[in-house]
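Same chain, two partners: subunit A is paired with subunit B first, then with subunit C.
Moving on, here comes the complex of A and B:
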């Protein structure tokens, strides 16, 4: 298990370094003259241009710039923003990340819990009406994007019934219940597609395990149904966890759209602004941080998988 | 919502069997078009396509024309769907917006196909370094939050929609890559590809002629899914404000409608409904195609609870009348029928079998694969698969007619009155748990032992079945032991509850020849030691000769002949029995192996 953990850790770190390096050079390639880009339509003199260039460190060779940026990145320092007052980027992130992550994490929790319940119910009674309902609806639920679901929910629950706010984000430290109400609709919309996907995966895995040789043998030993069910669940869990890991990336993408629909100040609007104004350090920070979250979640889920299924550790 | 959905849907949908998809290319199209789940969504999508790209022909109002005098109007004869807050005609914008949507989806598709399919072919066909590298790139792409990258691309290219959609195509490519790669690997393993290579057909031709034919269907399905996902992401980006807000687009319409949700909520309905409709249409088409090419007609049908209750009730009523003929019998089965339900039909595989084994005796149940031996055994144990059911006049176990027992009482016989030794040792141990856990758990839950007591008993049993260093083996997982050792573990588990009869389903078939003899000897020893009855299923008359007192021969779900071993060997009445005896006399018998020096009950060779 230790070897397995170390291996996963190394590959996660390698991926992070790769993504950080790649984004840095691609961003600089896409904006060949960031200084002119920053001035935009405002006219500027040659001195102003050179001064700005020196101030941002852009007069140094690109490799030096990269090393300076990367060195600071390792200590958690994303640099200062190029647009507006030169404030540390980490401050801006500290405000925006909780917004996006609130939606993602609540969505993930709703998705995992509901998906697991439905999947287990369908899996232990294959052929029942609930099972058939889940299979029949799964096709459309997979495909229809969360923001369309959210529009329907918004219409009914927010506009017509007024149970939830139509838009806006409330900080949890200000009003915990208000915070929960403000993120419920986006999180639930985000989760629905995944609920069915997890349910179907789990259901199929349980049905497969239920017809497996070793489960029959466990029954032949006289093991009571409840104890057999535990074995079924443990066999089926990796399938569901793999889907959750896959879904996390798309949840992040979905959250960015939904936070914008609900007028929440998350990382989506920051990404849009930063790329329109050519605010390279901000672009880099947003990419690195969002990939970092994906990598962390995948790493943790990998560990869980390895813990559940000893065979996965050898691979 | 993004690339992962396309990927995961492909995994959730029924796996397309290459061999089945191949000969049906023509009929797939036919079957697709003749069912409502096929032609309705197809017609709908085609109609919307014609509507969108024929937009100039319909005499629509200018979708960009701003007229504050008619702002926020409800649907009317002039404006079928009403107008938005700047007085633009919604119906016109909806129709023209279709052009933007489908154009974007087309770009995504082309890029994803060009990047995903050839690389998948290369990775799947050649494997090795190319496979590793491409697989890694695909994994990296899948772990990037695409929307963040796409927002950056949009900003850096000053909202160039075509470049943006091409970039989205890059993120969709892994879906095609993984699909093509796995299909190619599956096809490569098929014998006809080898045959083609032997026949001297070049590699490229093998790839294009054979593999292409097989992966075409899954690719079409993946494409239906990808279009849906691309349309969703495109609209999502437009809701985020990417793109020209003046030009008509579905996402753009939604974006501006979101702003006036409180004042005029209707505005969001037409674009949202249209987008939902198109995405659902593609999803349904993809799923239909998946079902058709996946050939799900043979899928096992799960019996509903009502059906099971009905069958069980009928069986119990009949069984209640039966009386056991002979008190000496440990197990007696009368008129056993086993039926499997598939989606199309019910297939009877055992057609009325009688079995009997006396207390402390050994019955050999002989017959070729498919003769219904194993199914009869599972029916006796009450452990048929979910879509199978058994009927019989009676099944007596230790004097009780189990068909009249409530389910819980019948279950209580397992492990304590009847023990079971399976055929494939490795697949009969739960891969997730240690061997120790799998022995100890039933001891605690079935035999009611304490933790320490169960552990000591497990160690003792493992030693008895000939496992060296039982303490170490207890901590191993099934994938860490040999087949012979796993079978010893399973035998230890089967005898743990001191059952009065052991049912062994071809217990040596999956083992090495040398280990076969040892395991058979172990079973015989334990049987004599504990005075158990034993039903041993085998296709080998040699095994019967060595171990059995009586023998029952099965063929095609029926009993052909049964009687004492000596008399059957001496003068078998049935030609099929004689054939089986003949066949097994050509393979080395148990006695011959013994003489070869394989000691009875010797410790496992080779160990782990």
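Moving on, here comes the complex of A and C:
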């Protein structure tokens, strides 16, 4: 298991370096003249242009710019923002990351718990009333856009019933219950599509495993239903866990819209703003941070899958 | 030297005469008070608006959008009341010399900043010197030659030439006071929390900049008893969800004040929910024809061309749109108080074509105009109208922050705008027609002998500026200096138990304008 862990760690770091390098060059290629972009494509003197270019370090060769950026990155320094006051990006991220992570992690938790419960309920009794309900609702939740569900939830649970705040994020240090209330609707909105996806995956995995020879053998040996169910879950879990890890990436992307809808200053809204203004250091920082989280989640997924299924370690 | 009562100071500040009305300050309006006894309104005040704060530096406080933030945490020397007149807050017993060159006032005792520093005359001078160099406040003090602390409590401002709107400008957001200790810090401008003495204290730990700002009550404030609210929240709601989100928050009780733009059905919703709607005409909408001398776009030097551009702007048709605020007042005048003798430009394409032909531009001409954010739709509509007579305005997209920087820096000869209407006509003249004024980026007044003469007469008119103000208004309308389509209103929607006294010229109210509802 140790060798397996070290190998996964090395590949995770390599992936991080690869993505960071690629993003740097792609961002500079996509915004070939960031100085003109910052000036708003209108008249400015050559002196102003050159001064701005030098101030941002864009007068250096691209490889020098990359090295300067990368070596600072290794120390956790993402540089300063190009738009507005030149404040360190790390300060902005320190405010925004907890917002996004709060709703994404709660969304993931809601998705995993609800998905698992519904998947098991449907899987152990295929063809039952519950199974048919879950299958039918999965079609509805796949078909209906997530933002529409969010609006409906917001209107009923926040505006009409007043159970949750309509908008905004409350820091946990200010009001723990208020924080939980403020992230519940966006988290649930993010999670709903994933819940049915996990439920369906788990249900199918359980149904497949349930009809396999080894389960029949377990039953024939007289194992109690609870013990058989544990074997079933162990067999079906990898599919559901893989979906959860993939959904993490999806939730991070989904946060862009949800944060705007719920007026939350997370990294989703920062990504939108940075892209609109050509704020390259912010784009790079957000990409690196997002990839970092995805790599961490995938790394943990590999470890969990390796722990559940020893054959995965060999592969 | 004469001692000014508030009324006298105000009358002087307005050059003893308002352009279209008299100077009649109201004590009640000037010093709004709350009767704490029996207060049954909300425990806190929660405001939802669309402008965030990027910093707390007092030198940036000239913005018409930042008033609620600044006034909550800083005490000002002066503010403007509901009758558009300045009144002393920290400044007391203001005296102005007969020649208008020396202002003397006493510093209110008991003003203590959150860092423990006590305010005295020297502290006020430190602040005034900072404000006089501030990016957003320097223009207020352009005619002030120096500041001096005469003793521990008395401050003197010496002017190089009389400035009838000095106190008005100071009251319009140009005189907030920060702790002198904080001002001395080299990091002051980057501070993430203010060091003020205002009625509320910014709670940085509880806030989430730039969307949620939390302020706790300043129990040590010299007027703490006046504020019944235990805390203040300001929620910033932006982007495409803005209007709906803010109203949903008000419906759900998450907020109790909303700075709103009108939308269909808002009145019905307000009535159904028992909200009060307070209106404030604080801006005009349309297009600024800044290059009236034709320095960059030659055809614009001809008044016939500028009139033609106005004649194809269908002002009345704009009101037919379902999404246009019915409170919009169609006019082509830049003064807040509209002169009924000055007619609005008719919509007449044929006459516009004839004027362009007379001016030698029968085939039209083309030029670039900026577009961005709020002004996209305005500019697109105007460009479409101008195209009817062959005048092609090519829209160049800018980000909203770049847009504002560039149009006021004189980079664009023509641009769509929504600019302030001032309750004080002297302020209107100063901001729109004097050299160096922000809203006069191409300095057209200096290039127009008639206007130069009218402005000189205006400043010499002393107490009687009505006639000369009327002449200025007629001149700029006849010469088509602007492409104003309407005066627009800002709406403040308040839940039960609160009310606000609007001030013309301020898009958003100062915190001091909020009162428990007397209903």
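As a convention for this text, the second predicted complex is superposed on the first by the 310 of 315 C-alpha atoms of A that agree within 3 Å, B and C clash if a C-alpha of one lies under 4 Å from a C-alpha of the other, contacts with A are read in each partner's own complex, and residues count from 1 in each chain.
Keep in mind that, in the parts below, a residue touches a chain if its C-beta (ideal position, glycine included) is under 8 Å from a C-beta of that chain, and two chains touch if they have at least 3 such contacts.
What you are looking at is a predicted structure, and each value in this text was computed from that prediction instead of being measured.
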Overlay on subunit A: subunit C relative to subunit B, clash or fit: clash
First (subunit B), second (subunit C), both or neither touched by A:268: first
Partner contacting more residues of subunit A (subunit B vs subunit C): B
Contacts of A:103 with subunit B and subunit C, given as first, second, both or neither: neither
Contacts of A:134 with subunit B and subunit C, given as first, second, both or neither: neither
Which superposed partner A:291 touches (first subunit B, second subunit C, both, neither): first
Touching partner for A:112 - first (subunit B), second (subunit C), both, neither: neither
Which superposed partner A:308 touches (first subunit B, second subunit C, both, neither): first
First (subunit B), second (subunit C), both or neither touched by A:31: first
Subunit B versus subunit C as contact partner of A:168, first or second or both or neither: second
Which of subunit B and subunit C A:260 touches, first, second, both or neither: both
Clash with subunit C (superposed arrangement) - responsible stretch of subunit B out of 258-266, 366-374 or 474-482: 258-266
Common interface residues of subunit A - those touching subunit B in one complex and subunit C in the other: 154-155, 159, 166-167, 260-261, 276-277
Subunit A residues touching subunit B - in the complex, by the definition given at the top: 15, 18-19, 27, 30-31, 125-128, 138-140, 142-148, 151-152, 154-155, 159, 166-167, 190, 193, 197, 200-201, 204, 207, 210-225, 227, 231, 234-235, 243, 246-247, 249-254, 256-257, 260-261, 267-269, 271-272, 274-278, 283, 286-287, 290-291, 294-295, 298, 308-311, 314
Subunit A-facing residues of subunit B, complex: 1-5, 7-9, 12, 140, 142-149, 151-156, 225, 228-229, 232-233, 235-237, 239-242, 254, 258, 261-262, 265, 268, 272, 275-276, 279-280, 282-284, 286-287, 301-305, 378, 381, 383, 385-386, 411-416, 418-420, 422, 424, 427-433, 438, 441-442, 445-446, 477, 479, 490, 493-494, 496-497
Contact footprint of subunit A on subunit C as seen in their complex: 54-55, 190, 205-206, 208-212, 214, 235-241, 245, 248-249, 251-254, 370, 396-399, 401-403, 406, 411-412
Residues of subunit A defined as touching subunit C within the complex: 38-43, 83-85, 87, 95, 99, 154-155, 158-159, 162, 165-171, 173-174, 260-261, 263-265, 276-277
